[in-house]
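Given below, in the form of structure tokens, are the structures.
In what follows, chain A forms one complex with chain B and a second complex with chain C.
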Partner chain A sequence: MEIRVERAGDVELVEPHGRIDSASAKEFGDHLTAAINSGSLRLVVDLKHILYISSAGFRSLLIARKLVDQTGGTLILCGLSAEVKRTFELGAFTELFTICATRDEALAKAR
Partner chain B sequence: MGFTEVRVRNQMAEIARLVAESERFGREHALPASAIHDLSLVLDEIVGNIIAYGFAPGAESEISIKLGYAQGEISVEIEDEARPFDPLQAPAPDLTSPLETRRIGGLGIHFARSLMDEIVYARVGNKNRLQMKKFLSAGT
Partner chain C sequence: MSGQDSLSIASTTPRILVVDDNDDNRYTLMLYLDLEGYTDIAIAHDGEEAIARLSEDRFDLVLLDVMMPKIDGYGVLTWLKGQQRLNGLPVIMISALDEIASVVRCIELGAVDYLAKPFNPVLLRARLGASLEKKRLQDEIRAHLTRLEEELEAARRLQMSMLPDAFPPPSSERPAEIFAMMEPARQVGGDLYDFFYIDAARLCFLIGDVSGKGMPAALFMARTKSLIRIVTEFAEAACGGTADAAGIIGRVNRELCQNNSDMMFVTMFFGLLDTRTGALAFCNAGHNPPYRLKKDAVTALDGARGLILGVAPDAVYETGHVALDPGDTLYVFTDGVTEAENAAFEQFAEDRLEAVLRAASGLPSADLVKSVSAALSAFVGTAAASDDITMLAVRVGAA
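And now, the complex of A and B:
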């Protein structure tokens, strides 16, 4: 997994590439936690280039989601492939996250 | 018709190699993207679980993963020498709690049970053997 980061105004756009697997989930979670703790209160995570998310990856997303709630920030997900969307549904996560279809929609919502 | 075996050490860094092999296997047999996704995710969850919880700290071992494909049927056999563990007996995951109290435990096995069509566990000698099948004709 590789993580690319862009700033769009005061929104941090996080774009992981590859697989959020059992081994790389920690790095992904640490990145999100560090971004939130360093003051990036508006996070958009674009999952367009993600092939799959393991349960460990969902754990990282849940931790980040709780942290932005505590700090008054925003976490918006976008770009879910049909397969990734299916795992969100299997894990009953769709209700717990704000999910947009496209990056533009997510950025508009984050601002 | 095809068959391959991947052997990995009980280290989490091996998951990437295992998944790369399963993706290569899937492409070789022109499996649909959704089936390759499901196979990779399930191997990650099951083998990741064995690596994380199956062994005493510092113990070194190898896990065998056999993949087969014939006539619309993907078959997987995972054998390890970890402590006895039947994933089919694992507690159901938490799918209903709100964000504050949601837990992830059991989710990986829930993914496997949802995405594969058959899962059979056996303890054979000092090994756990997990056999799984996915039928492409079943729709996914």
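And now, the complex of A and C:
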């Protein structure tokens, strides 16, 4: 899957494209893990190009969240479409993640 | 274990069939083969004899001449093409150097390689070695896959037997009737349902959906199912008959969070129903809300929503309460139902499900479930199942 990366100061912005499902979740998860392990402790994941996220996708986010907690970093999500937000709400994932409406808000919060 | 199997395949001397009508060719080949250590050789003088030998015995490789009386090389190859059983058998053509056109035709008919005359022992060794090794690997892969298939089948039988499939009819002590079904997308799945009476009249029932599919999900499912049963039993004993749904789910959640670095999680709808009064206590951990069916009315049962199980050990749950009336049915299901796709990638979705439920709202649970299942099958058609499908219906005051 296509994953675009940008740096905004000491915040790493990750922008995956397409679907995060059983085919792509491992690649997505590995990318986040690598970023955190190489010292990027402030991560913003912009999901605006994500059409669909499956349970495998949620698991990769949960694993990243746990790693970020262990290393004292921050993980913020933004750009959730209405459809994706609904899936988050169903599993009450909204309680587990810091979710911002826009990228700017997320970047501000990450600093 | 698998090491032993591959050892026995490797140590068996390959069995080679040499087919040539020319005595000198056969003699030379036999000599070279013997020098290379291939001692299990059979011979055929023409195509007809070759076909007879191939029908009776098992071979690992065939060295086949083209020009022979009765049935020639092309004839043998054509016959082999029609034999499913002999699909992986490598055939190497024995040819004179000026017969390349015929060699090409043989390869198109299924031969894998050719050996030019006069025979070169180095080339013979290389070509034979390559073909035999390939066949050995293919046989090993096939055996391995068969073993895996058998294991999956055994796992499937075990998993299906974990789910209660005895649905007792309603009685005066237990005036509720229940029916459930589960269809895994692959041999084993991550959906689960369960139901059991915790005392004379109180029924515990649940439906769950483990993240993912296949074997890992099935293992987590088995773990979850056992936990629920045991925790509920102990909670009921500890609380003297007033076990709290939220407390049970909270305890199960804490346990599932242990040793779970892969962040497997399960969504669940859990209910405790007093079948005499219709009082339902329930807890929803990240699961799609069930439907409450009255005559011609279908409404979602919202409330008591909490976090999915297995990821946050400190998660707090709440118990919802609703009074079901006699004749009401509670229909619980996993998202495999609403997300089932047909060949045009359309989803079954809530609208269709609600329509089917509305039409079936007065039916006994078994008929209701089967009616949804039939509507789903008709909708999905020949498209492959993308997720496990599970549903459970419990009707109150049925006796």
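Here is the rule we use: the second predicted complex is superposed on the first by the 111 of 111 C-alpha atoms of A that agree within 3 Å, B and C clash if a C-alpha of one lies under 4 Å from a C-alpha of the other, contacts with A are read in each partner's own complex, and residues count from 1 in each chain.
Here, contacts are C-beta pairs under 8 Å (C-beta built on N, C-alpha and C of every residue); 3 or more make two chains touch, one makes a residue touch a chain.
Just so you know, these numbers come straight off a predicted model, no measurement behind them.
**Student:** State whether chain B and chain C clash or fit side by side on chain A once the two structures are superposed.
**Tutor:** clash
**Student:** Go through the superposed model and pick first if A:Arg19 touches only chain B, second if only chain C, both, or neither.
**Tutor:** first
**Student:** After lining up the shared chain so the two structures overlap, which partner does A:Asp30 touch, if you call chain B first and chain C second: first, second, both or neither?
**Tutor:** neither
**Student:** So, does A:Ala56 touch the first partner chain B, the second partner chain C, both, or neither?
**Tutor:** It touches chain B and chain C both.
**Student:** Looking at the overlay, what does A:Glu2 touch: chain B (first), chain C (second), both, or neither?
**Tutor:** neither
**Student:** For A:Gly91 in the superposed arrangement: first (chain B), second (chain C), both or neither?
**Tutor:** Both partners, chain B and chain C.
**Student:** When the two structures are laid over each other on chain A, which of chain B and chain C touches more residues of chain A?
**Tutor:** Counted on chain A, the partner with more touching residues turns out to be B.
**Student:** Looking at the overlay, does A:Asp104 come into contact with chain B only (first), chain C only (second), both, or neither?
**Tutor:** neither
**Student:** Just to be sure I read the superposition right, which of the two partners does A:Lys66 touch: chain B = first, chain C = second, or both, or neither?
**Tutor:** A:Lys66: touches chain B and chain C.
**Student:** After fitting the two complexes on their shared chain A, where does chain C collide with chain B, if the options are 59-67, 77-85 or 329-337?
**Tutor:** Comparing the options 59-67, 77-85 or 329-337, the clashing one for chain C against chain B is 329-337.
**Student:** Please report the chain A residues shared by its interface with chain B and its interface with chain C.
**Tutor:** 22, 55-56, 58-59, 62, 66, 90-92, 96
**Student:** Note which residues of chain C are touching chain A in the complex, please.
**Tutor:** 211-213, 261-265, 267, 285-288, 305-308, 311-312
**Student:** Could you list, by residue number, the parts of chain A that touch chain B in their complex?
**Tutor:** 19, 21-24, 51-52, 54-56, 58-59, 62, 65-66, 69, 82-83, 86-87, 90-92, 96
**Student:** Mind listing the chain B positions that touch chain A in their complex?
**Tutor:** The contact residues of chain B facing chain A are 12-13, 15-16, 19, 33-34, 37-38, 40-41, 44-45, 48, 51-52, 93, 95-96, 98-100, 102, 104, 107-108, 110-111, 114-115.
**Student:** Show me the residue ranges of chain A that touch chain C in the complex, using the header's touch definition.
**Tutor:** Answer in residue numbers: 22, 55-56, 58-59, 62-63, 66, 90-93, 95-96.
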